[in-house]
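Report on one structure; see the data block that follows.
Should a chain be cited, it is by its letter among A, B, C, D and E, assigned in written order, with residues numbered from 1 in that chain.
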Amino acid sequence: MSFTPNIVGFACQWCTYAGADLAGNLRAKYPPSVKLIKVPCSGRVKPEYVLEAFARGADGVLVGGCHFGDCHYKDGNYKTKNRTDMLSQLLEDMGFDPRRFRQEWISGAEGQKFAQVITEFTEELQELGPNPLGGQE
Amino acid sequence: MEQIGLYLGCNIPLKHPDIEQSFRKILPELGVEPLDLEGASCCPAWGTAPSFDLQTWCAISSRNITIAEQKGVDIMTGCNSCFGILSEAKHFLEDKEMKKKVNESLSAINRTYQGTSDIYHIAQYLHSKVGVDAIKSKIKYSLDGLKMATQTGCHTLWPSDVYKIAEQNPYEPTILKDLCMATGAEVPHYSRLAACCGMGGMRSTDIEKSLKLFKEKLISIKEETDPDMIVTTCSSCFMQFDMSQLILRERGEIDFEPIPTFYYTQVLALAMGFDPSQVAAISQIDRSKIIAEMQSEQRLVKEVA
Amino acid sequence: MADKVKVGFLLLGGCAGCEMAVVDLSEKLVDVLQHIEVVFWAPTAADVKYTDLESMEDGFIDVAFIDGMVRLDEHIHMANVMRKKAKTVIAFGVCAALGGTAGMGSLHDKNDLFEKAFKNTPTTDNPDGVFPQPQCLVDGKYDLTLPAYEDKVRTLNQIIDVDYYIGGCPPHHDHVAAAVTALLTGNMPPKGSWITNGKAVCDVCERNPAGKENGQGRAMVNQILRTIEGEPDKEICLLQQGYLCFGPITQGDCGGLCLKVNIPCRGCGGPIPGNHDYGAQALSTIGSIIKNEEITHQLMEKYPNLAKFFYRYALPSGTLPRRM
Amino acid sequence: MAKIGVYVCHCGSNIGGVIDVSDVREYAEGLPDVALARQDLFMCSDSGQELIKQDIRDGKVDRVVVAACTPRTHEPIFRGACEKGGLNKFLFEMANIRDQASWVHGQDPEGATAKAKKVVSSAVGKARNLEPLEEKYVDVTDAAMVIGGGIGGITAALELARMGHKTYLVEKDPSIGGRMAQLDKTFPTNDCSACILTPMMVEAYSHPNIETLCYSEVEDVEGYIGNFKVKIRQKQSYVNWDKCTGCGACAEKCPGKAPDEFNEGLSMRRAAFIMFPQAVPKKAVIDMNACINCAGRTIGSEPKVNAKTGNPILAPCEKACPAEAINRSLMLDPNGTIKEIEVGSIITATGYKVMGKENFKEMAPDSPNVITALQLERLISATGPTGGKLLRPSDHEKPHTLTFVSCMGSRDKNFHTYCSRFCCMYMIKQARLLKEKYPDLVINMHFIDIRTAGKDYDEYYTGARDMGINFFKGKVGGLDMLAGDKLRVNAYDMENGETIEYESDLVILASAVEMSDGTTELAQKMGLQFCGSKFFRELHPKLGPVETAVSGLFLAGCCQGPKDIPDTVSQAKGAAAVAAVPLAQGKVKIDPTISEVVTEKCSGCGICEPLCPYGAITMKKVDGKPRAMIAISSCKGCGVCTSACPSSAIQLHGYMEEQILEQIAALTA
Amino acid sequence: MQIDQKKIDEAVSTIIGYGGTHILDCVGCGACSAVCPGVKAGFDVLCRKLIRKIVTGHLEEIIEETSSWGCQACNRCTEVCPQGVRPQEVVFAFRRYQANELAFSTSSITSQMNLFETGHAVFTDPKANRKKVGLPEEPPTSAYNEQAQKEIQTLMNNSSMGELGLF
């Protein structure tokens, strides 16, 4: 293993955060790369927070929300999707590898999926190497 | 004219070239130009590389696919095993790792697998791309009143998730039925419609077991439908029906005359008026009577000006 | 006021439009001039040498207005000198404050920019491919230098400590007048602030649908139009019509001038205080008010470069670009 | 400056077995603003909580961080401890180092410890910026709504009514009764389903505290616990129910036909029909999709006049109705009517449906003699299409060999991975009833394995073996259609390790239990969630089995997961008990972690207004300018508006910008 | 029957390594065997029974088992399996295990040699028949194409099959 990437995860408390808890209940194994910041809804995640995490050297950023139709707040995740679709494009347009940024819909019942997403994301980031901005400032 | 890569396999070009000839005759008539895939090899058959090493299987299959990719065409084959093998290999090659490894192997022979050519079985191609109506319009001898028992063969049915075209219900296949009915024939249902004929690895491993399975199927066909002929779109099934009925008859295990068996495109070629000595010339069961019946005067469709 | 306030103007990589805004003060400038003394105004108004500023006593200038973005090594040098000479430095206009439109140049390699500017534009006739060089010998004896081109555009505060910021491209002259008045009366916000009324363009825009008596209120954006498409209704909020107006995200000290001539706000006023990243907030706000995914993708098709779209005036100040 | 106390929990060996707790504690101690850091074997124990309380009382800490399990279960406990210690309970933050660290990184103790430190640092960063918040209370409407009139809904409604709460029982069909009304007998006692259900239906319908709204669907739910505003659409029945006596004369005369839903499509009903003989309320409905508008009597048209008699020519249904409940001259709105009600709590008991056989391609779905178990239930019911005689659908002959196939679509990754839970038992029940009635029947039952967990259930199963019913372990692979409408069963006997092949006259598929139609839409209207299995998600799989993530909204019966009648009834009684809590209290707490507008910062752009899913934001004039306002009782604290606000005027308490930025900084330090 | 966890682990990882990736998902429902033509014909160590042998660690004991070579690769099992085990892949993984241990019928070596030499697993001289039906005597396949044969030989020589020394 080349290095353990540092992934900042924003997780909605109803779905993805609960999914991460369930991964724990199931004792699903995944690398200790991700650290979650609990938010009520993925719609609370300002794009700026993602940029801030990257600017501070995070190797990857994950925004996790509920599946469409499952949002605890009816349609917060649709807002998230609008923003994150553009944000990915923005990253690319700024010359920053958008593969470092992931938007995932993980329900509270998808503990295994959470572990799988983190494992895959971690592996992809290991291939990409550390954030080129890391260590600056 | 629509172009398609004609993948022959082994049995059709080497043992039953009349089936190959039937492809070559009917396709241009139906607006399809078959392109030869020069240097194409065995798919490789189930008993070869697939039984030894997954990656070697995928490498040999992908080599065959690259020949079509270079010509920018999809692949069509008349052999069910080839269809199954190539489709499954393509499915394995969707895995990035496998694709990478296989392309490393292929680099030694200056080839790269891309995954741009789709795999079709000739029956699927005739059914979905040419269409039953186009086939009907080319029929010269109507096979109206003849009764056909169909044998689709396993490798176009399952696993339905790897095939480009799948039957609506693989347990109750209808593609071949539709194609047969396009010639005017009657295609009754029989209960072991989707059952295995026993050819393939089973026959080479233990012919007695193979024949046991085959007999069960044959009896279901005979007793439930008593057809004029058996029509298949699998070259292996064709061989089993053509060879093993005679064995069973010889042993006295069946009390009826072997039922003439055709590959579907042979039936179609005959109905379209092609010369039987080219398109339906090789079989162990004597088919001359039924061929004469199929191409008899009174079956001629009156030309519409 | 006993002593006149000593004021300096320094133009870095800009168009001097901000300084035209000062001139546009017209009669107000006459009033102001009773209270101030312009001790430096280069290179726009006076032809000076580096030494003219370098030789001033440190802290000699009370207030320095620096406009334009930082693009050349000369800008870095002069900004640093001015910082020493001035007690208060104001990043004057959006270029100095956030990088300005030229900031989008940071998305390109400087060699590519040179190729484009000095060779590949249709109107350029440069068969030998001569590019400006930092040093060259003319007639075999004059050893001339040109300022070197930096790899990317920077904002003033990325070079020196900045006391206040004024947005606009250029700042509206009324806003300049208000700022100067505040300055002279000592009625200034805390150091590091923007000089602004702190409200969005919508606050002064007559089209703002929010709270309108007709009971309609603001609605989700259900189509995306570029300004070249159709003609916007002059009464209705441009954003509502699909013309992506940045009014909600932008300081409205301009009085919403563009909107009055049916042009959507492009964000030159800079972010509303509290925002750390103009483009990111623009994306967040616009992304939220867009009706659905389909319309979002319409936007992404119509505006193929989102970095340039959302950060038209602010790219070098962006959270990520400033680290890249 | 904040004085943060950090408490790191071992959780026995749950955390301590993987993470170096002392190391994490030491690390925490070195973080800025951390006044002290302690560790304890079980922080949630009395002694653990006492540590926190004492440190607060001693003035050593004014912010608390507990690094332990998940805030989703334990935040309320530690907040409680803070409050008891005298600290505002919102000055508490949790670091999840068990569920999201030690439990998932057991393979990498060092990595897990390093991650735990970051997570603690993030929590400390947030804690540093926490603010005290106040909880507020609102009054409650003393009424409840139960959605779904099956056995679960009826039970819940009755319990609430008996407690004295006004209860609306909403049912989408013309009669209450649900699936249970379709059943013949019930396991493990073989009670007649109708005999035990009908009295309850009548009691619910006539209870003074219950208002039954049949042929009605929930159109929209707004509001929050204690104060839900519900719009209910009463579908158009085209029959005046106030007058209808349920005599059935209209159905007798009606020539329009449609498959009978109550008989699972095994027979036809009329366009004008009464759902089933014991329907409650027993009222007729005209199904306009099947109605043929006899005598040109489209709804709202004047009748033609008989030239001879001068009498109007009426449709058979209206002519037949002795109560004059059908009048096709009236222009009745096909959309029905909307009724608005206000309730304090809601119980969802929307039940289930079973998968249709068309899903199982290998099971000869085209054969009429392949049926679902629910269809068999109708075939053996005295009120069913054959009057209770077992006759196979293709030729109405008595079958001789019957095959039961379990796990169709259940325990199957292609359909549903879950076990449908009550199929084994009902198959055994059906087999037993049939064997009792027709001892010469050959009954072959194929199971992956037989699941009969439940009181007296296994005895019921072993009893079936005694009766001569054949049981085979091994899933049926497929069916072949044979001449004479028979089916060839291709199965496998796991015990023998051999294939089984035989001919059967009737094959019964125990197909998977699924959510009822329209439940997804209902969930969206209410903000409820589904698990991966597509059933309503309960708040906690063990400790909150009837609650949901939406406070004030509760679950009963199969909408939460497959369950049999006793379990449904138990859960319904439980749901009624918790749903009554806010009604009994008369007031509910409002969570203060919601959004608020800082009016001075608001630019009045109004971007936030259409974003709010609850309509909580309105623009009010302040000094002549529009400024956003958020109604605290409507806001649920999602923060969509907070993220969108370009003026940074909207704050989401508990998830403030500076708190999140500090967390990012901590995680990337 | 003895339960030897080490043997179980080895057996399972061997089969997974040869491509029977989903073997552990099997719940033993038997649907695969119910539809398997091989089992029906009497090759009974296929599908469910083969999986049971492997997951109980009895891989070595069945190395000479011929049932696997009676598998038609028809994939009915894959289609009906409720757990996505793809039993056919397990059977073929077992075949690969047997083949790589050289535990298979010598008769099948001919096919491997044919494939290596002509690119066709089955090769019979087609010229007379082809001429008879009016086709060119040599088909456009690898059989009469040296370049193609070389390519196949390169692929096979460079593969793990090449190491078995079958051709």
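The rule is short, and it goes like this: a residue touches a chain if its C-beta (ideal position, glycine included) is under 8 Å from a C-beta of that chain, and two chains touch if they have at least 3 such contacts.
Just so we're clear, the structure is a prediction, and the values are computed from it rather than from any experiment.
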Quiz item: Shared touching chains for chain B and chain C?
Solution: D
Quiz item: From chain D, what is the lowest number of touch steps before chain E is reached?
Solution: 1
Quiz item: Centre of all protein Cα atoms: which chain's centre is nearest to it?
Solution: A
Exercise. Select, from A-D and A-C, the pair of chains that is joined by more C-beta pairs in contact.
Key: A-D
Exercise. Round to the nearest whole Å and give the separation of the Cα centres of chain A and chain B.
Key: 49
Self-check item: Rounded Å distance between chain A and chain E, as computed from the means of their C-alpha atoms
Solution: 42
Quiz item: Just how far, in Å, is the C-alpha centre of chain D from the one of chain B?
Solution: 50
Quiz item: Using CA atom averages as chain centres, what separation in Å is found between chain B and chain E?
Solution: 22
Self-check item: Set of chain A residues in contact with two or more other chains
Solution: 43, 46, 52, 79, 83
Quiz item: Of all the residues in chain E, which ones touch at least 2 other chains?
Solution: 40, 76, 79
Practice problem: Please list all residues of chain B that touch 2 or more other chains. | Solution: 170, 195
Self-check item: Full enumeration of touching chain pairs
Solution: A-C, A-D, B-D, B-E, C-D, D-E
Practice problem: Enumerate the contact residues on chain A facing chain D in the complex. | Solution: 4, 6, 8, 13-15, 17-18, 20-21, 23-25, 27-32, 35-41, 43-46, 49, 52-53, 56-58, 66, 69-76, 79, 83, 107-110, 115
Exercise. Provide the residue numbers of chain B that touch chain E in the complex, in ascending order.
Key: 8, 10-11, 13-18, 20-21, 24, 36-42, 44-56, 59-60, 63, 84, 105-106, 108-109, 111, 154-155, 157-160, 170, 195-196, 198-202, 204-206, 209-210, 212-213, 277-279, 281-282
Exercise. Over in the complex, which chain D residues touch chain C? Could you list them?
Key: 601, 603-607, 609-611, 619-621, 625-627, 640, 643-648
Exercise. Give every residue of chain B touching chain D within the complex, in rising order.
Key: 169-172, 189, 191-195, 224
Exercise. Could you pull out which chain C residues touch chain A in their complex?
Key: 107, 276-277, 279-281, 283-284, 286-288, 290, 292-293, 296-297, 299-300, 305-308, 310, 318-324
